[in-house]
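Pasting in a structure now, in structure tokens, and then I'll have a few things to ask.
Per-chain residue numbering starts at 1, and chain names A, B, C and D are given in the order in which the chains are listed.
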């Protein structure tokens, strides 16, 4: 860790980046096993004085849906879910994501859990933020082995939603739907362009000079640690213990 | 009329080899007690529909050789990691895996709920899921212009099986906000429920409880099984037994370890 | 964020002339207080969708000249008899009547709820209702053989308006088992609710109340209107004022009598 | 009124006839403004020791649905509703029912409330019992002016349900779907075949000798008056006061 590096953890930086990506919207939903997106959503809500509304599907307290698991999908179909987060075992340069397998699906060499809600939500949620902390040629590939959900669709396919960005442990990409390509927007402090080029399996656009991802402000860090961290700890105790050094006996 | 079964095994009598069994995921209420009883009985060739995903229930049934076909959107052990028996069975081709996505499973079960042969759904087009599901037909939306949309055939399970906080003697089951349980019961031909406890009054007599109650008309059998979701959690009642699940994940990494788990935790019925 | 309006009139600001307004029937909770306020404001050219039927609300709006199009399955005053202003307006051609049947209205609103352009439905074929609804298309069921089935286009109301027992300050509304209110709110672009009273705690904090709660995310404005369904009833709270309804039926039999009713019961706001 | 006539009212006779028609089934649903069908359903439940289950849509206490008004239709679509009751402003000899209007629907000479659930339930409920107390050439017509729901459908139309009988104030008809005709099954005590022929607007089949509708048994009358009547009075006080001479201040 460089001595110039400010006092925050990687999780705090990524949550801060994602919270900025959320922007001024009405409703953010966060799926299961997504502690950094959950942190980002709660941070955005806290900074917005209660806006956006946030539904953490894995939480009892922070999930306002009352119509069962189907309600998230209906709500998204109605156009009410502004932001959702998706990950991928593989993500390719056209923002296709693979959550299923490598090899023949009936006899795969590697099997992942499955597509979850991706093959619907990726199409109908206007701002899908992709996240994958592991930034490697294993995860960011030229072409996914199985398309759980495609990054873009032909013009005649109903698709009000799709990817807007990809946040990794090394950088932030934006996604340009028209060009079907990622664009490197900023490099996280402590990382380099050369390193990103080495570890990314797909080609991407960039400016000649790529910005450094801004560090979280002191106020953002304060809110995240004092208000958001205890909320996150109720759902993800192990994560919170590591990211915020709080709670969790384990 | 709903049977309030003295013995769990009696309530499970209508779940037969080869049937299509539908179950919710752990955030709604999985009957693990019934799952263990079915494995003890030696159930075989199930077509399990897990709405919309599964964890330990699918993994345990797969490891025990009870499943021929699995239709769901994902199987894992959540924060603990991959589901070992599921992963092994898909890789070896021991089960037929019908990969879905959550919204498609809901829509197909809701088609059965509404008594319609199919339901249209947005999304899906261009996903490889659709490549392996010839029954997902693409039609041109009759209300649009050059607007392809997927149709999903109704899924009508033979039996829905789940765990809930309480039932009354008329067979009404309190499901609270876990409306997925109502979708399952409406869609399935028969429904079997385990509950934490019996509620002595009629649940429908109290308007506040009635709002979260599945009427007994859908429920064929109820059995009391305290902590019946263990080692999974039951919302608002108890949380998952993470230490036990971690032990399971470790043991189930090998066929031998899984057999040992069955011997220790499934073959012998838990003390009540 | 949901607005908890000080004045009912403020909550109704988003219900504009010419909009498609959706309302439940009296067994779920009709906001008669809001209906009177809209008439006082002089609202015009409404397309009223009454799920699945209506009584006094439609008759009053029709008599006041507020309705251009009515889409519902039936309008009457129940045991009291025919709805006089509805009957007169249909016979004179003063309104466009889109006759439906209950299940078709539910299905079309549920299509909007699911974000799909249409919903298939059994029945309907051979009914003269379908003769007058060219938008109900018959297709051959892709999963059958020579099996015609009707498709219903989604109904997406501009605003849903209803009355419920209580709401909290976050805009969550307790609807109990009146799930029709949830269908309306899910399907509509905006939702305005009147309630008997405010509940000081958050309704979602109590799992039993949460089971009957419509989340505030669907609710744009709430206003408190005690006995706001009067002279209709509110389930589990108060019954219909049958004497008043009988008086209404008698007066509304003529245009003059109806005008007198408006003068006495609508033009002047009730004391709180 | 003939002096031989047993001591029961017309409503009691009709409810008894309908209760017998219900038979041994699982679930009976009764719509709004249907006091005689409600009486019949509760009578059948009482005589069956709790079977069939009964849902009276107009009642709070005797309506077990908890999923809103849509649940009856979904439940019927699932094939779970065995018996339902429908009436018609007009009913014709092919069991078509009209609940809408007489004349051009856009400028009718007579307008009725509307079709309610008929254009769906008539197709999917196996045993639909038609009822119309007024038995006249005004109500039982050669051909309805508007088909809210048809009595039969072409063979290729999905139709697990349909009419099985028509109960009027004068008699009981069965309906034969294959022949698309009513058959006079029995004539209520105090009425005659000549009277029925005079007041029926459509042709119907009958045996050479038509039976007399059996009077309700003493036990049926006892159950109806002691157990069912108070339940009906909660929903239909005026009806109960008239039919059973109980309750209701009015």
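What we mean here is this: contacts are C-beta pairs under 8 Å (C-beta built on N, C-alpha and C of every residue); 3 or more make two chains touch, one makes a residue touch a chain.
None of the values given here were measured: they were computed from a predicted structure.
Participant: Please give the intersection of the contact partners of chain A with those of chain B.
Facilitator: A chain counts here if it touches both chain A and chain B, which gives C.
Participant: Between C-D and A-C, name the chain pair that shares the greater number of C-beta pairs in contact.
Facilitator: Most contacts of the two pairs: C-D.
Participant: State, to the nearest whole Å, the distance from the C-alpha centre of chain C to the C-alpha centre of chain D.
Facilitator: 29
Participant: So what's the Cα centroid distance for chain B and chain D, whole Å?
Facilitator: 40
Participant: Could you give the separation in Å between the centres of chain A and chain D, each centre being the mean of its C-alpha atoms?
Facilitator: Computed value for the inter-centroid distance: 60 Å.
Participant: So which bits of chain A are touching at least two other chains?
Facilitator: 65-67, 77, 124 - these are the residues of chain A that touch more than one other chain.
Participant: Multi-chain contacts in chain C: which residues touch at least two other chains?
Facilitator: 110, 114-116, 121-122, 147, 149, 177, 182, 210-211, 235-236
Participant: Could you run through all the chain pairs that touch each other?
Facilitator: All touching pairs, sorted by chain label, are A-B, A-C, B-C, B-D, C-D.
Participant: Write out the stretch or stretches of chain D touching chain B in their complex.
Facilitator: The touching residues are 26-27, 50-51, 53, 64-67, 74-80, 124.
Participant: Enumerate the contact residues on chain A facing chain B in the complex.
Facilitator: Chain A residues touching chain B: 32-33, 57-58, 60, 65-71, 73, 77, 99-101, 105-124, 146-150, 153-154, 156-158, 236, 238.
Participant: Provide the residue numbers of chain C that touch chain A in the complex, in ascending order.
Facilitator: 1, 112-116, 172, 182, 186-187, 204, 210-211, 213-218
Participant: Spell out the residues on chain C that touch chain D in their complex, using ranges where they run on.
Facilitator: Per the stated touch rule, the residues are 24-25, 27-28, 51-53, 72-76, 78-79, 82-83, 86-87, 90-93, 97, 99-104, 106, 110, 121-129, 132, 146-149, 177-183, 235-236.
Participant: Name, in rising order, each residue of chain C that touches chain B in their complex.
Facilitator: 107, 110, 114-122, 135, 137, 139, 141-144, 147, 149, 151, 153, 175-177, 207-212, 235-236
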